[in-house]
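Note that the chains take the letters A, B, C and D in the order they are written out, and that residue 1 is the start of every chain.
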């Protein structure tokens, strides 16, 4: 057994198959994958990694299993899945995930190849565990998959608390101990026990507050869009194969961006925090359906059109259209008067959160400091945005403000 | 003015020259220099950087100046120096500093060239500040230099608290607010005001406890020695110029180590946490004076001798001899009954700490898992170590334990 | 100047008129008034007092004044009001406030007599401050009264964070630093600056989560109802004059309850945590308007009726009907696109919170362990409650559970 | 099972005999015994009680038992003892313990009568546990008694962390989790496992720093001495029987002091924080052996002599002579190279702490503000104190400073 000191959960005991898996290259690589990608450019203390998060998820899974009375190989499988659940992440975690999905067809939770080969496969075999079942749990399959990847999973419990600790934004400080103590299986469904509507609400509220403040902060979104664009160019220019890119770490991606001619300027901008600015920042209601519905190729086309109208370089415009909001957790199950109910059906607050998420959604068009104004005007016209109220733009004069206020 | 959210000091207001300096490449580079280098291999949450630390030091300097009633250009200079005090750090902070000093003659606090050129010089000029005086403050010169780099400096106050926060090891949790409130200048000397012998002691005790637990943890020392060895080989092989190496970031150094033939194996070991083990771990009294006195070249020779005796590859042995302990803070000044006294003279505890530091000192000889035993025996004989008691070795059988217990 | 160490705000500097007021008996008395009254029977760590809270409110007021650029006598008045804002509290803070209001016509924020006489009056005079204006600020009058007692006051900011710290329930951990930095006066109205809809929401969400978990926890409500009943009997029996009761501290009230024949049993129950149980716990929709509208006398009558129906002692039934929910903070003002708007009009979430509060409202009927069942049945019938779903009751067999689960 | 939310250990599960004991009057009484007595007059947040501390000690004992693999009735006995270990405390915990010992011959850890009678005895019997063995464990008897009351007991681990949390003084923040994980029995002796000399040191350092800053802060000592004097007078005047006084709570003692003529002024002073001041504050070396050796009666005589010399009321002088320092923890056992050693023999630091404790020791003579100067002069002469250096006195002019700086 090994004991690891963690700044969030204090002492974490790692034993059994998890102890054996800890040494493997795919797990150790997570030390060099930042948990929040470009959010560190907004919150300078947010340098935590997928490695410490994975240890945290393992730890909470272990406590949940203990609470639920699940033991033996079944429990070992869940513990292995918890520790391994993020090994499929590309550099900078979610930041370039959509790019890689377009090119490889895979998301980060597809870990079949990683668990089925090499050191991990050998160690799973030594513990009589089937890689496919582990990969299934990571993908949320089966009853116990709900614990690893579901509406009430321990992944979310760890990341909210950990992101709060490292950013300094307290909104994510949920009572994870309590949530775990109230987990229960009812007819194969993971639910929160009687009297916990509010505990479930607090989990959603924490996410709802962390979202705009941290995860979707505009500076994090701008730099993420820049990174995404850089990754696309690396692939398009043939500098890096998408499957190799998926397995790099943050360090290798950053150096590769610096070394490739087509991305060196993006790398410089990210390194020096000389970021693009918001030329347009528009609410959901003002965005035409055609823009929302456009696929990646169509969006690249729109960017070029905006650039042409504005009279700037075709590469000088970035269009950033997040998916329409959904709120998976609202299907969390709670036990109310002995019956399993969906939280969304039970809670006035949760229904309101859905609406609030739509209020918070923003389309962004980004351009360099000096071109943001003309790009903004061109975008309004070209994309057909109907803006009411004041237009938020980051156009500033004088020195280039690379550290924006944190919100 | 910009407000930055910090996980240690909460909100930090950055204004004046500091605001202007924040945007410069040398300061932004600190985002990619880890504060504790290889300590992250022991404490997985310790991924904080010199950037957030520099903001913290700036913040505490600002509070100290406010408390001491220092204003105007004099204060601006100290604030600039506080923010810039670490821009001279090489990748992985102190880890490869001795190597670079041998080759460039410079330590990290020599920042004249960085402040005298480029963006920093321009922004200092715009604020009518002389680069040389800033560099002088960073080097601890003059009355106010004591605040930036001295026995009672704000640098130490920030790093102890920050390292405690991020490692999870609480020993460093000093009362920095109180220390700052008790600072005073007496005849040009920075002292702690009447009644603060114990506050001063607490600062030293915190360091004394953090030292073996965090900064000198044997796993951190082993990986640091490996990194140092890697850096030496990069320079020796001509792969990287030492002056360029000094200005890289962690990302670039790691990728360079991977790409150079002579260091690829070291990079693999660090990436996969497949570290060398302790073949010998010896107390100060058991080490002959000749070993302590040997210079770097002489030590390389000793390593080769040990390797020959053990019958292993000449590169397979790492000898790690820390400098003999000193304790600069024991010369901290405190006011006792109206008189300035050195803490070491005043405090029974501080005198004891000096002795305790000698007790904690260890010479290390490291080798690969499979060769540690024979290397250990050869080292005892070749170096003339006189060991009493049990010999601590990390030789283990079976799986390669890459995550040792945290102490 | 005096520096006080606080477990929430660390160091608090007390100076000027506040320093002078700190010594006065009415302020020192707050050391013996618990902040949360009977909540300590649910959360054993919640033993904090109005004294430390008052220091915290003073501290936040001071920071807000500094941020808003308010100085001189105007600022001194606000600081005095902040420190004094709770001196009018009766023992156990809000717990017996309605009883005393019926008998004295005064609430805790009526502090005219306390500031206009004795030590406080003398010290205010020595600082050239008018007691009436201080009392006015405490009552929320005038522009600056909004800071001390309004929708965005520093009182709330302190108590949420402090109650979270001491109960261990993290929901209240708001970012008070940020809220204060965003305060602004627009045409005499205190508002949160542009871009802070979400900061304002977080304040309301914190309260919405703390309310049922902490402030309105059923065990706290039951014991509060018992204490209220005890206070009524003390007054009715002539044992204590209501005006004297208002000025007692927790210690004196508890001892008085023990020593009076009519309340000794209540005191014993509170001392030994041998509390009444819920005989009925009913949602707002199931309660007839007549019950909601009944005044105190009418409610006492209902209790006697229920007791008669149940065949228990007339004193054996406690009917606890909270006021219908309101949410004052929803009128908080925020600046949106340059215009002052009420938060309730701006925020989907806040509108939902209003509805959620109605969901959380409960009428309680309490009785002793052994009589709860028959009292419950009698209450349903007598009060005309229309219950759907499962009836929550605390009737248990076997040992008397005096420590209920914390929720 | 019951779960209690604690601000230090988060969730504490109480089950088995501990659950049954929780309801008993002697345990519930601990809710009204402050943990640190008069320390709250220095640190306003320090209002925690013996009740939450007892829950914490129970919790840590439970974890230690689990770690040590101790189960069944043996473990139940230790858990019961942990929860009950402080039920013998008088009001204000240790503050008046010496007075009561003189009159009753008993210290707080003598709990035989309380566990052998009433509700506790009945519940122990229902769980087949022998009261005498529980009382023995509380007194530190037997192998397992070391866990409850010994050099490495869980009592100390809880109070250091809890006192740090509630005072805001971080010095006590030890790594209790680690200490518990390293406990081991070797031949019936409780020791810290190999490699933990430093963990053991950190425990002692924490106490060494908390001692002068918190536990022996001069304001806490002065008010404690006043309280002690008050208790003596209550007993001497026959107002309260010492055995009854032992069983009171803080509330009852304070009200009793107010109501007795001979102590009303002391009560007023404590209530209003109108404390005595230091007339003398002398180091150990300056105090004649005769003063150190004097018993209580002899010291009362000395006070009267000093009062006579100073020309003040015979009751106007308080002489406060703490016992000479000892450091029980230095006999903590640690395992070094396979052998059990006393920490004091092993650690340079611990030996230094012993010396440092002597440095921190102070004799105090207290008197009212206006008489402190003449009482001080009289005391120097009468007691034969040989003071060197500056004499520390709290004599001030102008307003009566009732809140001294916290150190």
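The rule we apply is simple: a contact is a pair of C-beta atoms (placed from the backbone, for glycine too) under 8 Å apart; a residue touches a chain by one contact, two chains touch by 3 or more.
Since we're looking at a predicted model, the values are computed, not measured.
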Neighbouring chains shared between chain A and chain B, ordered by label: C, D
Selected pair, greater C-beta contact count between B-C and A-C: A-C
Centroid-based (C-alpha) most distant chain relative to chain A: D
For chain B paired with chain C, centre-to-centre distance based on mean C-alpha positions, whole Å: 50
Inter-centroid spacing, chain C versus chain A (mean Cα positions, whole Å): 40
Per-residue overlap in chain B, given as positions that touch at least 2 other chains: 3, 10, 169
Parts of chain C lying in touch with chain A, wherever the complex brings them together: 169-171, 173-175, 195, 198, 201-202, 205, 208-209, 212-213, 337-338, 347-349, 351-353, 355-356, 359, 389-390, 407
Chain B partner contacts - residues on chain C that touch it in the complex: 3, 10-11, 177-178, 181
In the complex, chain B residues that touch chain A: 2-8, 10, 14, 20, 22-23, 25, 28-29, 31-32, 40-41, 43-49, 51-52, 55, 165-169, 250-252, 254-255, 258, 271-274, 399-406
